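The same chain A turns up in both complexes below, where it pairs with chain B and then with chain C.
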Partner chain A sequence: MKRLLLLCLLPLVLTGCAGAPDAGDLLPILTAGVSMDADGGLELTTEAVRQEELEGTASSTYLTARGDSPDDLFAQADALTANSLYFSHARTFIIDESLARAGLRPLVGSLLDRGDVRLTLRLAVARDAEADDLVRAEAVAAQLPGEALGDLLDLRAEQGDLPDLPLSAAADALLAGADFSLPALTLTDDGRVLPDGQADFRLGRLAGFSGGDTHA
Partner chain B sequence: MPDRVFPRGRGALLFLILSADALLLPSGLWLDALAAGVLALLIGTGWFALARKYRFADGFALLDRLPHGAARLADGLILVLAALLAVRTAFDLAGFLHEMALPGLPVWLAGGVLLLCAGLLARHGLPALALWAVPSAWAAGGVIALSLLLSLPDWSLPRLTLSTLLAPAGLFRVQGTVFGHALFVLLFTGDDPDLPQTRAALTGVACAALALALSGLRAAAVLGTRCAAALPYPAYTAAGVFAIGDFLQRSEALFGAALSLCFLARAALLLAVCRACLNRLRTRRKQPVSAPPAV
Partner chain C sequence: MEILQFTTDLDENVARLKALFAQDKTFIVRRLRAPEGLRCAVFFFDGMIDNQAINQSIVRPLLRAGLKSASAEALAESVLQINECRVETDLHAMLTALLYGDTVVLTEGDSRPIVLNSKGFDVRAGDEPDNERVLRGPREGFTESFMTNLSMLRRRVNDPRLTFTFSRYAAHTHTAVCLCWIKGVTDPALVREMQKRLDALTLDGILDANYIAECIRDDGGSPFPTLGTTERPDVAVARMLEGRVAIVVDGTPVVLTAPCILQECFQANDDYYISVRQAALARVLRVAGFLLSITIPGLYIALLHFHQELLPTRLLLAIAAARTGMPLPPFWEIFLLLIVFEVLKEAGARTPGVMGSTMSIVGGLVLGQSAVSARFLSAPAVIIVAVAAVTALTVPKLQSAGMVLRFLLLAAGAAAGLYGLTLGLALTLGHLCTLRSAGTPYLLNLAPRVETHDEDVYTRAPWRRMRRRRFLARKEGGAS
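And now, the complex of A and B:
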């Protein structure tokens, strides 16, 4: 009987009764974008999903954080609200051209260190646009913008129009010192996000863009 | 008629306790895991050959043939070693749960709860644990096999570098850290005409070596050698690269649960060893020195 009572108490210890955060305390992120200013400071813009009720419609909310390094950036972003940012549902991570030219290794290292980042996350580079603007762009379809962008990149990668390089493959190429290409994204005049060729990397740094309809 | 339930249970237990390390093993050591598995099979075969030749029913019976003081010392050393390894096993799993699944759950609390669960599993000794191990091994082995099978389209063999294919230096590391745990199962196995257990035990070791090697190979082939080397749990991460429709989006969670079961089995086995050693030490204390030791 004592053992049974002990076993009944265990679930209480494992859940929120011990003060531990549960799934409701996490803020799921769909898309994130990071840019670098002239002083080397980083800015992270994230599209988080907010859903007030289980049956209610989900909506996007945007958060911005600043930091000196990728690790600091994620720490600042996590400290923005009482809810921890949760990247497990993130589908796209957009990198500013200036940061891509400075080198991806620190950022990719920070992403690999985060336990909640899935390696199927797609990296993309902003071309002639700010990463922040791309993250905040509206979706044409009745979808969350991050969902729509993730679906578009998946479809184009399947069709072979864009480099199919999830975070795992990009990180492996980066760590091996190999050349690789990431999809490039741009913003149209009417505020839509469109794939626009590819960003070519050499030794972990952006060497230039190639292809793309708007640059043909 | 020979009882085949308990031998099968011992084989299942061997599979569970050895497969647990698929979670922690660096993916670059997949070939070493395979080689260490072959070596463990040879050691196991040798053990059963010795048991037949010298007619001992299990490892404890062999220890009983030592002088009284030496046997007590051996029991004490095994007890301490098993207890330390049980704590380490529980806290390895607790660290994994804290980092990848339940960040709000303190490691010490998770480790304590896991030790308690393992203790409850081990409280009736090895026979009960072996019975529990059979369905658990089918469940864990089935999930591991299914996960490996479903991720096959995502394998990219060009991502395997030569350093992954030719790294036999880790053989002894794998032999010590992974297959060393099999020695604790051997304490409960030997030559018993009513319980023919050689085939079941060696099958358990062979399946575990295969699960370890394929999990490491999958991690390197799916994530790339260097990316896998940069991750704390590459086999677990690699299990999440595929999704089936909208209903199985987090396949790594199932893989992690299967390996957690393996860790729990290992901690329970080590605590069962502690329990057996404690009982033997107590029994010896009550016996006069000249009396034959209990089996």
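And now, the complex of A and C:
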């Protein structure tokens, strides 16, 4: 009997969840965008979602961090709040045109190094717009902007209108030195985010844009 | 029991029996002297006998016998007008019978007592057992009366091959126990094994079938039942028809059946009395309910602490919102709520009907709602424990196993997430694979799938397709 009691108590003592983060400790990110300024400094804008009450609705909060390199950028972003930024629910990662032209390899490497980034994360390139503005753009429907954008990209990729290249496939192409294309996103005059052709990459750098309704 | 010896002197014998039960005011001695000279004494215990039977079938015939004297045999054969009457030379057996409601008659000049069946104590009606109710089907349930219970079995199996083996166990209570089986259906090795286990009992008293069950069951430390129990004669008979033995114990409505295998824990009486499709759905729900009840608390903790990425965004946000400002970590919330649920269940079971339902409302609804409103506990934790509690009720036979597994899997999920939970389930499965009940693998028909008879495992086959002799039954006339 004593042995059984000890056996029952042992797992309780050994429970590792005491140090593990609780769901309430996390700040889920839906969309993130990276821009690069003229000096090569990076700026990360994230759309974090938060629901204050069980009966309430979720709302977006935008956080901005600066860094010299992608690794530094994510470290600075993680230090912004007491809650950990949680990229597992992020659906879209928008890259500024200037950063895309400088090369994706360091950024993709940093994303892959993070344990919470899904390999299904969609990468997109900002076309004639700032990544920061695209992340902050309002959704038309009564939806979280990040969710609306993710749904839109999923739908277009399913219909074959956009390149269907998640993070895993983009990383493979980068490592293989192959050419690939990512969806291009632009901001309309009324402040909506719309897919606008595709960004073509050669040797890991943005070579140019092709297609797109607004550039036909 | 004290050693008792009778002589041919009636007065001496009466004195000895009176001395034996000197402290017992319910012990009645009725001396008789017939006009012709026959002297007898009738002994019985008040409240345990049928007064009318004693007056009309024992006292009156003795007084009107017209004999000067008679031997015990002569009285038993020609005078006493009662259906069951024997001259008993074993005084130990005589005393046991006397204490069980039989009447003893002694006559002058003969040291051998006559034992007459005059039992007449009140017994409860065979109402439908509360914990084995059916929507459709027989409503009769076993009672505390030994012979009534056996008659319920006999009434359902009109076959001379239905066999009863009687024994008495326990040093002080001398409780009657009957091993029942059907010759040609039950494996004789199983009968011998169960009889051997019964004969090895060394208890002082047996007041319920569980006294015996704990002594004769396999792997007493396992939370899974390795001995079946039922309070319904139709279930007991159905199990005997499948090759099991039934053990009827005097003084309890609970009948034990062996062997017990896992699949029967998910079978309900209704399964056989309702349509096949309805029964199949109900059985699937029971299996799903049991699995959900043991895994959901551990799964919740595993997802919340280790695998938040598996939660849909909206669900994660809702849980995070509900968890905001909670004083306890999720593991302790669930752990304490499960303890409270077990306490409520225990209190509800011990509380009289009306108060029990009041307590369920106060304990379950009001307390839960207040705890969430006061932000002592989060709503998802209450929901998870409520789901675990409700689904656990779908398989009453595995309530004990379910409770143990729920806590163990909760700890496993909290220790190592889904990996811990999977390991816990694998260990449980491993334990089930090692279990046996009276020599039969506990996972018979489930694993290993050798000579599987699966007409009644996952779902029930229609009766017209059901095999005559099912999984445990030996071949008719052949070896097991």
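Things worth noting here:
Heads up, the rule we're going with is that the second predicted complex is superposed on the first by the 195 of 216 C-alpha atoms of A that agree within 3 Å, B and C clash if a C-alpha of one lies under 4 Å from a C-alpha of the other, contacts with A are read in each partner's own complex, and residues count from 1 in each chain.
Everything below uses one rule, namely that contacts are C-beta pairs under 8 Å (C-beta built on N, C-alpha and C of every residue); 3 or more make two chains touch, one makes a residue touch a chain.
In this text, all values refer to a predicted model and were calculated from it rather than measured experimentally.
Contact with chain C, but none with chain B, is seen for A:Glu147 once the two complexes are overlaid on the shared chain.
In the superposition on chain A, A:Gly40 makes contact with neither chain B nor chain C. In the superposition on chain A, contact of A:Val49 is made with chain C only, not with chain B. Using the contact criterion defined above for the overlaid structures, shared-chain residue A:Arg118 touches chain B and also reaches chain C. In the superposed model, A:Gly208 makes contact with neither chain B nor chain C. When the two complexes are overlaid on their common chain A, residue A:Gly191 makes contact with neither chain B nor chain C.
After overlaying the two complexes on the shared chain, residue contacts for A:Leu30 are found with chain C alone; chain B is out of touch.
Using the contact criterion defined above for the overlaid structures, shared-chain residue A:Ala58 touches chain C, although it does not reach chain B. On chain A, the surface patch touched by chain B in one complex and by chain C in the other comprises residues 14, 18, 20-22, 88, 118.
Contact residues on chain B toward chain A in their complex (touch as defined above): 99-100, 102-106, 109, 113, 116, 120, 159, 161, 222-227, 229-231, 237, 240-241, 250. Remark: chain C residues 221, 301, 304-306, 308-309, 311, 313-314, 316-324, 326, 329-331, 335, 379, 404, 407-408, 411-412, 414-416 touch chain A in the complex. Contact residues on chain A toward chain C in their complex (touch as defined above): 4, 8, 11-12, 14-18, 20-24, 26, 28, 30, 49-54, 56, 58, 86, 88-89, 116, 118, 147. Across the complex, chain B is touched by residues 3, 6, 10, 13-14, 18-22, 25, 84, 88, 109, 112, 115, 118-120, 168-169, 171-173, 175-176 of chain A.
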